[in-house]
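I've put the structures underneath this note.
Next, two complexes with chain A in common: one pairs it with chain B, the other with chain C.
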Partner chain A sequence: MELNPVEIRLLRRFRKMYMVTAFLVSLAMTAVLLLTVFNLPAFGKAGNPAENEVIGRYIEKGLEETGAVNIVAAVILDYRAFDTLGETLVLFTALVAVLMLLKDEAGVFNRRYRERSKFEPEKDQIFRSVAGMLIPCLLVFSIYIIVNGHLSAGGGFAGGAILGATLVLYNIAYGLEKARGFINEKNFLRFITAALLFYSVVKGYSFFTGGNHLPSVIPLGFPGSIFSGGLILPLNITVGIVVACVVYGAFCLFNRGGL
Partner chain B sequence: MAFAHNIPFISIMMTILAGVISLLTGKDKAARICLGTLTAVALLSALLFAYLWQTGTSFTFSMGHFPAPWGNELQAGLFEALMALTFTVVMILSLVAGRERVVADIAPARQGLYYLLCSLLTCSLLALVYTNDIFTAYVFVEINTLAACGIVAAKDTGETVTATIRYLIMSLLGSGLILIAISLLYAITGHLLMNDLLGSMTELAASGDYAMPCMVIMLFLAIGLAIKSALFPFHTWLPAAHGSATAASSAILSGVVLKGYIILLLKIFYRVFGLSFAHDLRVADLLFVFGLLGMIMGSIFAVREKNLKRMLAYSSVAQVGYIFMGIGLSTAIGMVAACFHILAHAITKPLLFLAADGLMDVSGHSKNIFNMQGAGRRNILAGIAFTVGALSMIGIPMFSGFVSKFYFVQGSFQNPDKMLATLIVLALSTVLNAMYYLPVLVTLYLGNDENSPYRHRKSANSRNYKKAMVAFILLNFILGMFYEPVIKALEQGLLML
Partner chain C sequence: MMEFHLFTNYVEIAAVILFSIGFSTLLFHQNLMKKIIGFNIMDTAIFLFLAAKGYIAGRMAPILVEGANDPSLYINPVPSALVLTGIVVSVSVTAFALALVLRLYERYGTLHLDEILYLTRGEHD
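Now for the complex of A and B:
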């Protein structure tokens, strides 16, 4: 579209005004937020409003009530498991939206991609060797973080992100065709659906019994052993699967529109 | 414990399961799963409403084995049940009536995912309506945002993609403000559960501590939610998103998605700050002014618009202005009027969008009003539906829009300071509404289509479309004529909040 000089001048002026306004708004926002922070209770001081009966019970009775050594895991996957179901669904929704927008049904992008094979890291021997050494360690590490989530720092979100990143590394180092050998679109969708179904059904049972004041049959186990913490371990695994799938799926879809 | 107490939990879990399972099924199955689940949820919500109407109480349901301040909790009263019922019914009717357009507009491979996102959207709306915990509300606001962007982008044209990017950025800005506000709220109270927050906030209001953070929190929450529900100065994303999406998406977005955030704001007013503290913080006055501006400016934009769908979208900006004006009046009747207008707009605007789709169908899919000369004669049902919707939005007696205007006027009498401004703007806005709806009606019915290439085009709408439209029209009449029980339910429901 051709613009006449007057329009161009107006457009330039608008852009200048826009920058100035944006700068002023950001400045005002920063000032307001800083002022607010100075008016908040000091960080970590004893007797702050946040130090109340809610936190007290998490810390004092968390181990006894949930069987999990890691209080954070106890809070996010037992006390407030509904919020975490929501968080997991946020990731799922984002993945579905990306899948819908970027999935290359016609395979146009894929064909073009294959022609220009310089994107496939065929000849990068150094990268591939290093990745080959790293990937097994990363896999073990991520699984450790996921399954040890109720015993030490970590859990499904952290471990899942590492697992997803490991898969991405594998994909970059060895190419999509090799990666498809163990994770293709079909089993990818199955993994993520099964994980979310498991979370909603199993935790749904727990919500239902809790809401109706019925006893739950899930044993808490001995705190500190690997099979303890009731549902926290299986839920950590499902969250880990969902997070890993979302990280890997988003990478593949943005990279070339398909898994 | 009665079975009815489980209904909020069952509704939310059913929609989640429906959404997750749809990932593995084909497109037709996904649509059936979505509609079947929504129908079941609508029936359950009706049951819940009847149960609460009879017992006259509200109840809480703890999600898990730990009671409220430690675990999550849902709460349901008459207000929540009525909103959940309306939202699901509007979702069902919009999806049924917009089915053909979805098939035409959206690539086959995407249709299954489209219905999946619709299920998740319903799940997030239900959770927003029922939740008793402000952090849970935030999580489901996020799901709502992403799913809403997804159903706009599903129709893959340059226009929708640009609109989605704009919608996503504005919406995430709103989410950011809400998240900052929630973390500040937690820092000064140590609570996330609404009941406990109300207790702490009442204490803070009495002692005057943390006055500045309280102000900032209320402001951020109000502006964040106002961006998402397209209150006037923050409405810039709405016309493109609602005007370019497929008919069912436009109907859902304007009918229910905007309203979910307003309901959260109402809950924050009633159950986090308490009405008197919220009033003292003057945020209600701010919303009142923005609401009034929106009522005028939305209509002025709509008058200038020649694209029918964008015109309807600007009309939504004006109608959201009405709702915020009612909230800003901070009188009991004003609140009831705002809630009634949520319902009235939720059943009217989808009707208009879907009718516009039927009219565009017989006019060569042009959105321009000038190409629709005589379209109301060619597609009789869509014409009638559009007329009903337009008359309701103008505020003609017997239609739902009239009732809300009537109560807005009554609400303004209770607040002498704001009465004059409200009455003047209401009158002006009604005139402006008539100024853009009546010319469209004239074009639709009296327009000369002798020279139009589409003059012999007959409507090819399916029976489902017709049934859904008739249901919408009937709902409009029911809400317009037998409004007293609804008003009563809203009054009682707001007291239970």
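Now for the complex of A and C:
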């Protein structure tokens, strides 16, 4: 189906109109947003409407109710733990969708990969030795961030992203065959579903205690030590596993269409 | 009387400018990859705005120091917790969109939206 000259002229005119309208729309939106910002309360001032009794409640009662020193971790993994379960499920769903779209049944990716594999960095000795030095440090760092999620900045999401990036680095430096030694498609899916199931079972107990999941059965421990904060430490670890698996799985699927 | 905070709200202004850059990228470019990049810039603008709303000058991060749980010492922890949700959703949507674009490119051999629409004209299934 070829376009005739009249259609082409109409399309050109539509294109011109579209550009003008798009320019006007974005200009108008920017103006409205800037006007809103000028009328917002001043940046960083105490006593703004955003600072209300909710913060006071979290900061005064957070430590004694959850046992976590980091109030953000207390909010996301204790007060609003179901929301975080939803987030990890969103990540999992995205990974499943990518798996469905990019799973390489016909071996097209693999053929293309072999064609360009002589340019791959895994043949590069310098890159390989630097990665060999970096990977252990990165592993320790990511585990530190995940395990200290309730004591300092970080937690399951940040540490899991670093862990996933470490796995990606290992995959690039040493090749997929070697990475399959410890993470292949089978145990990858096992890890991720086991982590999600653990999370839902552990947090699901509040359905049987009348929807109130604040009084914890687990002793909260001494504030500031690693084994404190009740369920926050195991939940951080499960979230870290899910995030690392999603990062690594997405990389493998985009790179070669399979784990 | 309404106050205007023209120069004190510079973080929010940066967020609005980033949002506009992302939005106009989304509108002006026909390349699907560039549309995804514009979408991501819009996401970062939202994160910057939310984080800025939680900040209170001269206060500490909401990690409790021993013996001090006075709310007037710490910044607002709620926006920080909300930003996390946004980041996760942004990453998921980006991964899904990139996978879709990859499939479209494999089928039609182009990333240009108009060309893809033209090529899909004859398909009925």
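Methods note: the second predicted complex is superposed on the first by the 241 of 259 C-alpha atoms of A that agree within 3 Å, B and C clash if a C-alpha of one lies under 4 Å from a C-alpha of the other, contacts with A are read in each partner's own complex, and residues count from 1 in each chain.
In the analysis below, a residue touches a chain if its C-beta (ideal position, glycine included) is under 8 Å from a C-beta of that chain, and two chains touch if they have at least 3 such contacts.
Everything numeric in this text was worked out from a predicted model, so none of it was measured.
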Notebook entry, point to check: Once chain A from each complex is brought into register, does chain C clash with chain B or fit beside it?
Noted result: fit
Item checked: Angle at the Cα centre of chain A, taken between the Cα centres of chain B and chain C once the superposition is applied, in steps of 10 degrees -> 70
Margin query: Touch test for A:Val54: chain B only (first), chain C only (second), both, or neither?
Written below: both
Next item on the list: Tell me which partner A:Lys16 touches in the superposition: chain B (first), chain C (second), both or neither.
Entry: neither
Margin query: Touch test for A:Lys178: chain B only (first), chain C only (second), both, or neither?
Written below: neither
Next item on the list: Tell me which partner A:Thr93 touches in the superposition: chain B (first), chain C (second), both or neither.
Entry: both
Next item on the list: Classify the contacts of A:Ala153 with the two partner chains as first (chain B alone), second (chain C alone), both, or neither.
Entry: second
Check: In the superposed arrangement, which partner chain does A:Ile76 touch: chain B (first), chain C (second), both, or neither?
Finding: second
Check: Should A:Asn39 be classified as contacting the first partner (chain B), the second (chain C), both, or neither?
Finding: both
Next item on the list: Determine, under the contact definition given at the top, whether A:Leu101 touches first (chain B), second (chain C), both, or neither.
Entry: both
Next item on the list: Quote the smallest CA-to-CA distance from chain B to chain C in the superposed model, rounded to whole Å.
Entry: 6
Next item on the list: Across the two complexes, find the residues of chain A that touch chain B and also touch chain C.
Entry: 33, 39-41, 48, 50-51, 54-55, 58, 80, 83, 87, 90, 93-94, 97, 101
Check: Which residues, counting only chain C, touch chain A once they are in their complex?
Finding: 2-6, 8-13, 16-17, 19-20, 23-24, 27-28, 52-57, 59, 61-64, 66, 69-72, 74, 76-81, 84-85, 87-89, 91-93, 95-96, 98-100, 102-103, 106, 121-122
Margin query: Using the touch definition from the top, list the residues of chain A that touch chain C in their complex.
Written below: 1, 19, 22-23, 25-26, 29-30, 33-34, 37-46, 48, 50-51, 54-56, 58-60, 62-63, 69-72, 75-76, 80, 83-84, 87-88, 90-91, 93-95, 97-98, 101-102, 108, 151-153, 157, 223-224, 250, 253-254
Next item on the list: Mind listing the chain A positions that touch chain B in their complex?
Entry: 32-33, 35-36, 39-41, 48-55, 57-58, 65, 78-83, 85-87, 89-90, 92-94, 96-97, 99-101, 103, 105, 189-190, 192-193, 196-197, 200-201, 203-204, 206-213, 216
Notebook entry, point to check: Of all residues in chain B, which touch chain A in the complex?
Noted result: 1, 5-6, 9, 13, 16-17, 19-21, 23-24, 61-66, 69-72, 107, 109-110, 113-114, 116-117, 120, 123, 127, 133, 135-136, 139-140, 142-143, 146-147, 149-150, 153-154, 156, 161, 180, 184, 186-191, 200, 210, 212-213, 216
